[in-house]
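Please go over the structures that come below.
Note that subunit A is present in both complexes that follow, paired respectively with subunit B and with subunit C.
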Partner chain A sequence: MKRDIILAGVGGQGILSIATVIGFVVVDQGLYLKQAEVHGMSQRGGDVQSNLRISSDPIYSDLIPAGQADLIISVEPMESLRYIPFLSRTGWLITSTAPYVNITDYPENDVLMNEIRKVKNHIAIPADTIAKEIGSPRSSNIVMLGAASAYLDLPFEKLEEGIQKIFGKKGEKIVESNLKALHAGRDFAKSYIA
Partner chain B sequence: MSTVSKYLQKEAFSSIMMGNAAIVRAMVESGTRVVTSYPGSPTPEIAEFISSIPLSERPFYFEFSTNEKVATEVAFGASINGHLSCVFFKSVGLNVAADTFVQLAHMVLKGGMIVVLGDDPGANSSQNEQDNRHYAHLAYTPVFEPANPQEVYEMYIKAAALAEKQQMPVILRLTTHVCHAKSRVNFGSYDPIPHDMTPGFDPTLGNYIPITSKVHPMKRMALEKLQSVAVEAENHISLIDNSNKKRGIITCGLPFLSLMDVLENAKEKPDILKLGMVHPIPRKAIADFLATHEEVKVLEELDDVLEKDIKTLAFDEGIKVRIIGKINFDDWQHEYTPEKVYEVLTRTWQDLLPTPILPAPMAVKAPARPAQMCPGCGHRSAFFAIKKALAPEDITVADIGCHTLGFLPPYKVGQVLLCMGASPGIGAGLSLFNKSRKIVAFMGDSTFFHAGAAGVINAVFNNHNMTLILMENGTTAMTGHQNHPGVGENFDGETLKITPRAVFESYGIKVREVDTYQQSRLTTLVKEAMDEEGFNVVIARHPCMLKYTRDQRRKGAYSPKQVQINQDKCDKHNVCVSSFGCPSFYVNADMSITVNKDLCIGDGSCLQTCPVHAIEYPGKGEVK
Partner chain C sequence: MENQKVLLLGDEAIAQGAIDAGASGFYAYPGTPSTEIMEYVQHSKEADEGNIHRQWSANEKTAVESALGMSYAGKRTVACMKHVGVNVAADPFVNSGVTGANGGLIVVAADDPSMHSSQNEQDSRFFANFSLIPCLEPSNQQEAYDMMFYGMDFSEKFKTPLLMRITTRLAHSRSGVVLKSKRPQNSLKLPEDGRQFVLLPSISRKRYKLLLEAQTKFVEESENSPFNVYTDGADKSLGVIACGIGYNYYMENFPSGSPNPVLKIGQYPAPRKLIERMAKECKTILVIEEGMPLLEENLRGFMNAPLEIKGRLDGTLPRDGELNPNLIRIGLGLSDNTGNDVPEVVKLRPPAMCTGCSHIDTYKALIETVKDVYGDGHVFSDIGCYTLGAYPPYEIINSCVDMGASVTMAKGAADAGLFPSIAVIGDSTFTHSGMTGLLDAVIENTNMILFILDNSTTAMTGGQKSHAYGKIKDICIGLGVNPEHVREVVPLPKNHSEFVNIIKEELEYNGLSVIIPTRECIQTIGKKK
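Right after this comes the complex of A and B.
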């Protein structure tokens, strides 16, 4: 088993929480893990990404070479564009459709979505809207994780356990809303590819 | 309920950790007594993990010193008093520490000392990508080079043992991706070693006063110790035998990891010799490796340090082998990621690796989201106001800090930058034979305490004609809000507060000071200072708003607040975007402005920038 995952987004969008939940499951399953954290300046609004490599065999580099990622989880559509060159031909792109516009040369929405649709295996998910609909607007990152869950090669119930473990400190309510977000994301992905 | 910090856990355990975290456990296990630092990427997280150990339980002393040189001196002093010590800082920090650092190996370091360097290939967050192995040669100091968090932990412990045994400094050289990579680390048990706390400095132990007559015996001792360590280097190698008599690769550190990845697809894998200690080199292991291969590639990040050592060795030993080092200048630059190593190896042996299957080039590229000052940043107000005081021909000198970003549009303030604290010196030079172009230099408060004071004193001493603007935000913002001497708090708690203003005034400097949110007042003060002869200082002060809002959130005192645009008043001047440049504003296709609610912190520093007062707080005026 081997999964090379690129997590992408903009500072403050919670990609590290996604990595933490996946990391919990990986450790629980006794798999190898390597993660490259990218630290920018301590500010919101910059592009952030993290490479996550999971395998049943030892892993050397923490960096995923171009054309080899099995999965890109991007909580922002333009950030997914930045990493599409890293995706393997059989890899999956799971991207949010909610743009985070803080630059003047942000591409037009249809140009952007057109590029995303060129990727054979993609799921474009309005994660922000779904998170709002289920009453937990701050869980859109976990909606994304739910949408990606089918492609992680990790047991879904372990992801649920990870969420309980990691958000447990913040109270039962937060756990509940994140579990809801995880399910909502998975359900959306199922209907998207159906 | 109290839980023992994992860094102090007695039993052996394993955990997923960053290199910067694993090193803290190694400090504890090896009995390090004194740790010092000055914050700088990629190493400042080490201090964050240290701070997670409660002060009362911390088995060693830690301080952020005022700069890397002082930090090195504190660690040196502790070591000659018998304590195993460690100093850590970023790559270019060694330039600041160099005057002290180059002396270390000449002295008997009674307790041993480890110098942890965070080198930055790729210059991710530094002004250059200097290869500090050169310094190790200059200073006769051995270097361990780990490749992953497990090795960071293990090699620190080995370096500590060597430093203690030989009573010498030992370098642990990390690089950005080694510091920040996370993976499982298997830790040993922790058995607190009883330590003799008696101040053990013994001036008869060796030469501690390097006068001419003593310099040569001191240098000889350093050389002898380094030579004896060369034997030790033979114990820190890994040989990967792929039964390839033709091709071999000698490598170390991060490039080794990338190499293993890239070679997965190779038809005939070369043999690999990985070095754990890169200075001095394990001569025997390398000589054997050279002698048993037809061609050997030296795969090393940045400069040709190993290459030169290995070529010299082959020459001295008369080994007939083709050694392939750096081929072109691309080989000297950037991090050796798997892609980079693919490129370097393909340049070396065209037939070695299959052509990777890459996706088709994309029609649209994602534009960069350049680093910018945060919403509410006092520096933004400062640059917006200061720009109004400058004539187009005036010269502005930048310094290191968040305020460096002032060089970007729309402000474009700051035209030259060297390194920490250099701006008053550069400004002084620019002011000579110069009657027509005024000089304005910038500096942060943390930088002033770090290495800026000498340049300021020089400007007073030699009566240079220039203006210095101290951008005072009350913290070391760019590296993660570490305290500095102007804060009134050190790593452990309250301490005397030294204000830059008091220091300037004690030098006899005329100081003007204003909060940067008072933009027009700041413009006036800067104009006044520039019009006066001699050296003048303006303190442009505002607390770092990122730190301020985080502190408020922590206290539960934060209430979200935002400005909004009164679209009836807005006449699409767009000063808020074109000149003030707050990222919370963006321009719609019809040139109207929208406020990004995720970004705006409602600080209101923008209100005064709008010529028609269209930026408002909700509830004021008729806003939809």
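Right after this comes the complex of A and C.
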């Protein structure tokens, strides 16, 4: 088993919450993990990514080799495209459609969506809207995780367990809304490709 | 915790390794990618229970000196910094090679190839090399952890400091680390030779000879080190020497084993015998180093070695920047696996000052009073969040060189006749290296204005406590700045005209002024909520 995942977004969007849940499951399953994060300057509103590598065999490189990523999970549409050179020919691009505009030359929405549709295997998901609809606007990252869950090769119940463990400290209500977000994301992805 | 497997960043593995290896103190100044070492120790319950020293230092020089003092007193200690911090600490570091250590002493330098968050991509191994200090370079988180035990033992056995060199990818990548059983801290024990640390020329000359003699033993240790491993391979047309994480990038391309002989290097001085074996058995050697071509240059020699050396210097690998598995593939003549190009619609997204940041209000006042009036070229900046004022829409600063340089560059430019000459520095950078420069300006009452942007924190590196907190005005007056020209202002949009007036008044004054805009960083306020 091997999964190379690029998590993408803008500094401050909290992509590492996705990594934390996956990390919990990976350790629980006794798999190997390497997770390269971005700390430092880019966290001030610049582009950030994390390379998450999961394998049943020991992993050498902390960085995913070009053209080998199985998945790009992005919480921002333009950022999802920045890592295209890393995506394998059979890989999936799963992105939120909610733009984060903090630059003056941000592309038009149509142009952006056109590029995303050019990727054969893609899921574009209005994660922010879905999170709002289920009454949990701050769980859009977990909606993204739900949308990607079918492609992780990790048991879904374990992701649920991970959410319970990681958000448990914050109270039952937060756990509930994140579980709801996970399910909503998964359901959306199912209907998207159906 | 023994035998437990935990997920740790490379930085955290170093911190936990040193705690478990019996360190009594950590000394550091924040700097990406090294910051998380100290932050981990500050949050560690074990460090608290063990009463391990874990306060930030004013700068990297004070950090290494304090660590040297703790080593003098017989205890184990670690000093941590980013690569450019080693420049600041170079004086005590280089001289610590000559004094040697007493309690275990490891200096950790975190390099940043490709300059993700830095001014340059210097390679700290060069410092170890010319200081004749042994160097460790882990290839993964587990090695980083284990090397703290190994390094402390080495340091105490040979009475020498050690440098551990890591790079961004290891520092900020998480992986499973198996912990060892914890060792007790040392008790107080002064050096046996009371003059070991007295570097008077007559003593230094003796100590330097001892350091030179020790090199033979250091090389022997490297040749037998568990971190320098020779693995034979069938195809001897090429031998590969891979240092630190360069080894991972090479092996990533050969999941079922390398076809060529590979020498993995994690300890310096370079293991001579192992390299000689490779030179004897292989016609060509490829040297893979993350950072600068240190070993490659040594192997080539000035007249070029009789055997062919490939690496960063002949274009097999790029001369600069971070390595990755694909660059190694290309260097080996294998297929380039890169996917499709980044679509053109993807624009650059540089970091920016946060909405509501106090630095923005300072820059708006400076644009109105300096940039719009005198044109460009008058604002010397320093290193911190305010450096982002170089980007649009502000484009107000004209320099960023090294910590503290704003003050002294403004002074030099004023000496040359530039008017107005303005310096902009953050509170943490001011106490790191700005105070001495300000004293230079005080002595000559230089006609310049220094802005000390007090946001009560070290914001750029994530909001560490600043030594300057609540002290800046007193420091300036104490250094001798005329109190009438030490001005305070709260940088807020509603105070814009007050701010502008203060600047205009100080521009009128023919002498040294300090303006201290004071308002807390909105990120640290947010975190407290």
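Keep this in mind: the second predicted complex is superposed on the first by the 191 of 194 C-alpha atoms of A that agree within 3 Å, B and C clash if a C-alpha of one lies under 4 Å from a C-alpha of the other, contacts with A are read in each partner's own complex, and residues count from 1 in each chain.
Here, a contact is a pair of C-beta atoms (placed from the backbone, for glycine too) under 8 Å apart; a residue touches a chain by one contact, two chains touch by 3 or more.
For clarity, every value in this text was computed on a predicted model and none was experimentally measured.
By the touch criterion stated above, A:P155 is placed in contact with neither subunit B nor subunit C.
When the shared chain is aligned, subunit C comes close enough to touch A:D57, but subunit B does not. Within the superposed three-chain model, A:G135 lies out of touch with both subunit B and subunit C [touch as defined at top].
In the superposition on chain A, no contact is made by A:G168 with either subunit B or subunit C.
When both complexes are overlaid on chain A, the residue A:P65 reaches subunit B and subunit C alike.
Looking at the shared chain after the overlay, A:V101 reaches subunit B, while subunit C stays out of its contact range. Touch criterion met: A:E37 reaches subunit B and subunit C at once. Subunit A uses residues 10, 23, 27, 32-47, 59-63, 65-67, 78-79, 81-82, 84-85, 87-89, 102-107, 111-112, 115 to touch subunit B in one structure and subunit C in the other. If you check the complex, the residues on subunit C that touch subunit A are 5, 7, 9, 32-33, 35-36, 116-117, 169-170, 172-176, 245, 247-249, 251-253, 255, 324-326, 329, 336-343, 345-354, 385, 388, 392, 460-462.
Those residues of subunit A that touch subunit B in the complex are listed here as 10, 12, 23, 27, 32-47, 59-67, 78-79, 81-82, 84-85, 87-89, 100-107, 111-112, 115. Put simply, subunit B touches subunit A in their complex at residues 16, 18, 41-42, 45, 125, 148, 177, 180-184, 256-258, 260-262, 337-339, 342, 356-359, 361-372, 374, 402, 477-478, 480-481, 546, 583, 586-587, 596, 598-599. Listing the residues of subunit A that touch subunit C in their complex gives 10-11, 23, 27, 32-47, 51, 57, 59-63, 65-68, 78-79, 81-82, 84-89, 102-107, 111-112, 115, 118.
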